[in-house]
Amino acid sequence: MLNPLHDNLIIEAAAAEQATASGIILHNAGEEKPAQGTVIAVGPGKLLENGTRAPMTVKIGDSVVFKKYSPDEVKIGGKEFLVISEADVLAVITK
Amino acid sequence: MLNPLHDNLIIEAAAAEQATASGIILHNAGEEKPAQGTVIAVGPGKLLENGTRAPMTVKIGDSVVFKKYSPDEVKIGGKEFLVISEADVLAVITK
Amino acid sequence: MLNPLHDNLIIEAAAAEQATASGIILHNAGEEKPAQGTVIAVGPGKLLENGTRAPMTVKIGDSVVFKKYSPDEVKIGGKEFLVISEADVLAVITK
Amino acid sequence: MLNPLHDNLIIEAAAAEQATASGIILHNAGEEKPAQGTVIAVGPGKLLENGTRAPMTVKIGDSVVFKKYSPDEVKIGGKEFLVISEADVLAVITK
Amino acid sequence: MLNPLHDNLIIEAAAAEQATASGIILHNAGEEKPAQGTVIAVGPGKLLENGTRAPMTVKIGDSVVFKKYSPDEVKIGGKEFLVISEADVLAVITK
Amino acid sequence: MLNPLHDNLIIEAAAAEQATASGIILHNAGEEKPAQGTVIAVGPGKLLENGTRAPMTVKIGDSVVFKKYSPDEVKIGGKEFLVISEADVLAVITK
Amino acid sequence: MLNPLHDNLIIEAAAAEQATASGIILHNAGEEKPAQGTVIAVGPGKLLENGTRAPMTVKIGDSVVFKKYSPDEVKIGGKEFLVISEADVLAVITK
């Protein structure tokens, strides 16, 4: 299991067809893959200068769109996940 | 539905003819499209170092002009929207 | 009407002949147009880290000289205006 | 023995086969080696502007994935270790 | 009359012969003109994050040497002046 | 005698053979010389924004590994020393 | 007389032979001249965000080594001096 640090999120990227089905697709400039996925793990929050942590807005299970030009990719059990900072999440998708 | 994070806004870009009709057109240096549109969703505000959020000035329904050199674009139900930070909004248009 | 955000100003650029008449001309390095004009709208002020806004110094009607390498330009009713940050205003002209 | 300063960590990089066995592999863009390893020493924490140190999250023995484009390498007794800042650790691996 | 904003100064540049006469000449790397002159107007001071203004050190009439790689130039009644930030003043010349 | 300012350290670089004998060698990317040495003088600490100095961690006599891409070099009595900031010290070597 | 602003120092550079005689020579990467000299004037200190000035460490008469890649040079009565920030002083030389 991966426990993110700081304000990092572990994201399962949406397959192209899933993203299309949801009706929401985010295109980053010059990128082909929709930058959309499901949050599977959430860090404790960014440490502020006063020593406390900024609360996280995103929760496990959230469907998110994000900007991330070259995300770090991590494979767990042969499956690929992305690690992104919450600062790069643009919006949470709700129904 | 898209719920923006941080100080992000979801913007429906004005069509070229609409922008012209309103009599207000913003040209960014080296860009063809008028950077103008209607706010359809507003984030909770940027988190400050003291742990509180800066209040947002822009409201849903506001007509705004903005500077945004390469905005993130997101498609919802086949329709394209822009995601921009309120920091990149130059002014709100009122009558 | 344009209501600027942050510390933005809407500026009506001085015509070349007007600028010359006033006897004050500002030349930015490598630019032809005098960077001078009249303030027609003033934002609420830059938000500080403590959550308050820095008061604006410039007022509507002020004649200002400014440095602005590639100002955002906005057309209202066919007339062109500039949007600049008060941080780029160098001085206010008084008689 | 190496006692890291600031928020530095001494990391024993996972061998390629070990990383594969754990089922977790992190690929940084444009890098071949899995950026994964075991923490063997932990610094006292980054000094904040208020004069206190930010507590470290990572502990000795933790298995971590990290982003580090050109880590400093140090040889101790012929064996190679990495020195990275905790800010570059993405997640801690648990079972 | 020009009333500078922020920590700006209006400077009347010393003529080459004047600068030589005073016996003090500042050469910036790669520049021919002595970066020396007399202060003719002083801004209210830079706004600090706590909302107050930093007091200005330089006064009207001061003779100053400054570093300024490409100062903004402004013409008033056909005479040329420089606008520089007090942060770029190196020293005040006294007798 | 050299009394360092700020958080600077005067370092006597380890000779290549000494570094090898200690069994600890740090290689910076693209550098040949082991970045290791002995601290011979310690500055008073970096001045923080609140006006106090951050305490130094490193002491005279400490054996340190550091990253320093192009350290300032100073010769005292024909012998060469390095001047580096404590921020560039990675770890202290103990037995 | 030159009265430096901010944390600036007026430095009389050591002649090459003097620097050699003192037995201390600082070589900056890619520079020929020893970056060493005597302090002849000291500024009031850098203004901090809380409105106070950071005290200066260096005093008039101090012999200092400094890093300064392209120092501003000022001629007083035909004699050349350097203007550098105390932040660029590496150490004070004492006997």
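Before moving on, here are some points about what is shown:
Letters are used for the chains, namely A, B, C, D, E, F and G, taken in the order the chains are written, and counting of residues starts over at 1 for each.
The working rule: a residue touches a chain if its C-beta (ideal position, glycine included) is under 8 Å from a C-beta of that chain, and two chains touch if they have at least 3 such contacts.
All values derive from a computational prediction rather than experimental measurement.
Steps from chain B to chain G, taking the shortest chain of touch contacts, total 3. Distance between chain centres (mean CA atoms), chain C to chain D: 50 Å. Taking the mean of the C-alpha atoms as each chain's centre, chain C and chain E sit 22 Å apart. In chain E, 49-50 are the positions where the chain touches two or more neighbouring chains simultaneously. Neighbouring chains touch in a ring; in the direction leading from chain B to chain C, they appear as B, C, E, G, F, D, A.
Partner chain B is touched in their complex by these residues of chain C: 1-6, 8, 10, 41, 43-44, 47, 49-51, 70, 72-78, 83.
Contact residues of chain E toward chain G in the complex are 23-29, 48-50, 52, 54, 57-58, 65, 67, 86-87, 89-95.
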